[in-house]
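I have a structure here, written as structure tokens, and I will follow up with some questions on it.
When the chains are written out, they are named A, B and C in that same order, and each has its own residue count from 1.
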Amino acid sequence: MVILETKELTYRYGVGTPLEQVAVDNVSISIRRGEFLGVIGHTGSGKSTLIQQLNGLMRPTSGQVLLNGNDIWAEPKKIRAVRFQVGLVFQYPEYQLFEETVFRDICFGPRNMGLSEEEIKERALGAAEFVGLRPELLEKSPFELSGGEKRRAAIAGVVAMDPEVLILDEPAAGLDPQGRDQLLDQIRSYHQKRGNTVLLVSHSMEDIARVADRALVMNRGKAAMLDTVQQVFSRRSELEHMGLRVPQITKIMSLLRAKGYPVSEGALTVDEALRDLLPLLRKRGCVR
Amino acid sequence: MEYLKAEHVSFFYDAAEEGEQAQQVLRDVSMEIGKGEFVALLGHNGSGKSTMAKHFNAMLLPSGGRVYVDKMDTMDENLKYEIRRRVGLVLQNPDNQLVASIVEEDVAFGPENLGVPPAEIRRRVDAALETVGMSEYASHSAHKLSGGQKQRVAIAGIIAMEPDCIVLDEPTAMLDPRGRTEVMETIRRLNREHGITVVLITHYMDEAVQADRVIVMDSGEILLEGAPREVFSHVELLRQHSLDVPQATELLYRLGKAGCTVPEGVLNEEECVAALELLLNE
Amino acid sequence: MIRDITLGQYFPGKSLVHRMDARVKIVLTFVFIIFIFIANNLPAMLLMVGMVLCAMLLSGISVRQYLKSLKAVIIVVALTSVLNLFYGSGDILVQWGFLTIRTGGVINCIFIAVRIISLILFSSVLTFTTSPTDLTDALERIMKPLKVFHVKVHEIAMMMTIALRFVPTLLEETDKIMSAQKARGADMESGGAIQRAKALIPILIPLFVSSFRRAYELAMAMECRCYRGGEGRTKMKSLHMTALDGWAVAISSAACVGVALCVALLPSLF
């Protein structure tokens, strides 16, 4: 089942000026309900422009964005409703915190939706739990929190709107390995528990390998690949040509395979690599 | 010969409110960094690595112990500017350390503060921009550059003061992979071709791997210290402290635990593939 | 979009106007602006308009950029000139209720519009062709005599340098914060004045917080780069006056004398 779809989507900056530039070029993709999609591409590949069109923050120059089969720009006055259904967490979202308390900040989105006070409270508490914010932090000022906690609070602000599709732009940017691992695990478990569709934009192929089911690769405004993460990562030379690096483990296994060893293409984690290697080594008797 | 020397340094942040405990960020840290060395300080947020960095150019002064820069005590107020000229500090956010709107004018800011004659400033600015590969952007607006380019301009601004040593406090944390590569290449070139001592503060293990020596910090103390191969062979310990280990290292480490005889301290793909081939051909 | 604002922007180049000494440019701009308001008849005004067009042409910057800088203030121009339409004496042209438009009003309206537009264009030529550092350096030099009165000239100039440096950064940040709040359903387009003002809070607070953070980090970066005030500081680019500046001053003086003569000898339109 398709939840979000783009049809010949194109976005141009500075139309009518000499600086006219195509940011998104004729992109037609389908995002499935309930999937965890990784979006890869380096700066300037058009991925940021693409995701801002998916929730109606930017209006396409041409082409369509269909949410549950309906063109989101059919009635421009109702575009705000689309933003509640397709939640977008920007990069460094902690810079958007503004309320007196963390709790009130998380309530900002649900309140804009015009929900009842009870419902708002319930959703905010639920969202805080989903992102792993300890309850005692909720009555603090958001500016007293640590960097990682601020990031969680900001993400909770979008999760609280209970969007059908949650898009996160580089949610782990600038966090240390510990903070990154915790956050990615939290997002993964949110996806599993709610069963919502999640799009995660990341520069880190390791992060995509860890959490996503499918991956979309953007290159020069075009959707270059859209397939399972394994399939995408097995096209290593094409990715490297676009300036994207596959995880080290994927490369190691791919090099082994090229030398004729019977290991599968597109290993994503050390565990997967071991699953291939251990039986081979056992046969040779060098594993106990 | 050591250039930077920290002797039993401890550091407390002042308690913000009454009744609050003063927080200890550094606990009895001692380290020496030699002239021309490239050292990475690895650790996660709150490990004290950034606090340590700010001690090397007298931006912070130790609560206990001493820090010496080329034998000059950072506690000596009279030496403050001489120390800051010799040890340049590059910060994390490239946007917030550029002072002037135009690239070359920003690079000139340091030497101007030092009272260098105009013709000499011009020479230094041109040379510094050349070193970081930003000459063609000399008259561009700083805010229109990419993150990696801005960070290289920030580095040029430090080089123009002709320092002996550069301390970089997570210079790549806010950059995309391309920007990170640009900055890392620039740092390596400064160290190799210009003999500048480099202290790189980072939480990315793939950057730490490129250094001559890695010092791992945790909770304000030194956890591990040594050449990258040595340090990253402590897979278990690093994992316990939630630090990344190269996947190549981890793979071989786990094969080793399964009973294979594997070489220690493998860091890159080629070495790992060679080691695996050896195993598979036995 | 907010990023389109060109006011205070600098376009690097090598045109005649670019090569002039910044001090001369500032003084001439100031003098021209005074003369725009002195000019009170057609020949005088035409002379000033001619000077504006000349300056724009010699700057080598496309007319489009100048038009963009006008776009930002077009409402101010329209409002003031329309208000002036109802003042002034002369024959009645239109009478509508208590509003009367007389010939004097029409002349007023046109003159005000031309004056404000010329003022904007003159200042645009200055900021488009002068790098922010040159601009502040020049101001620092021009204001130097004020040091006698304990005016902190260097500090003021440094503040201006930093302000000019961070204007584009903060505009970009405003854009980003607005998008982020809109993504959380913030409604900035509808509602009355009070509601709209309230809708600004989610944008202004993050902007303030981030400005403070930036200021703190910038101060630290400046200290790392040995900044310690204006004492003992040198400048990479020293300002030099050349023959070009001489010519500019000569031609501009001639134009100003021309305007003065027109004003003195010909009848005023007011």
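As a working rule, contacts are C-beta pairs under 8 Å (C-beta built on N, C-alpha and C of every residue); 3 or more make two chains touch, one makes a residue touch a chain.
These numbers come from a predicted model, not from an experiment.
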(message) Measuring between Cα centroids, which chain is at the maximum distance from subunit B?
(response) C
(request) Please state whether B-C or A-C has more C-beta contact pairs across its interface. (result) B-C
(message) Nearest whole angstrom, what separates the Cα centre of subunit A from the Cα centre of subunit B?
(response) 30
(request) Determine the centre-to-centre distance between subunit A and subunit C, using the mean Cα coordinates as centres, and give it in whole Å. (result) 43
(request) Sort out for me which residues of subunit C touch subunit B in the complex. (result) 10, 12, 131-133, 161-162, 164-165, 168-169, 172, 213-214, 217-218, 220-228, 232-238
(request) Show which residues of subunit A lie in contact with subunit C when the two form their complex. (result) 17, 52, 55, 57, 80, 83-84, 87-90, 93, 95-98, 108-109, 112-113, 143, 157-158, 161
(message) Going by the contact rule set out above, which residues of subunit B touch subunit A in the complex?
(response) 44-45, 146-147, 173-174, 176-179, 203, 205, 242-244, 246-248, 250-251, 254-255, 258-261, 269, 272-273, 276-277, 279-280, 282
(request) Spell out the part of subunit A that touches subunit B in their complex, as residue ranges. (result) 42-43, 146-148, 173-179, 181, 203, 206, 243-245, 247-249, 251-252, 255-256, 259, 261, 270, 273-274, 277-278, 280-281, 284, 286-288
(request) Flag every residue of subunit B that touches subunit C in the complex, lowest number first. (result) 57, 59, 81, 84-85, 88-89, 91, 93, 95-102, 104-105, 108-118, 121-122, 125, 139-143, 154, 157-158, 161
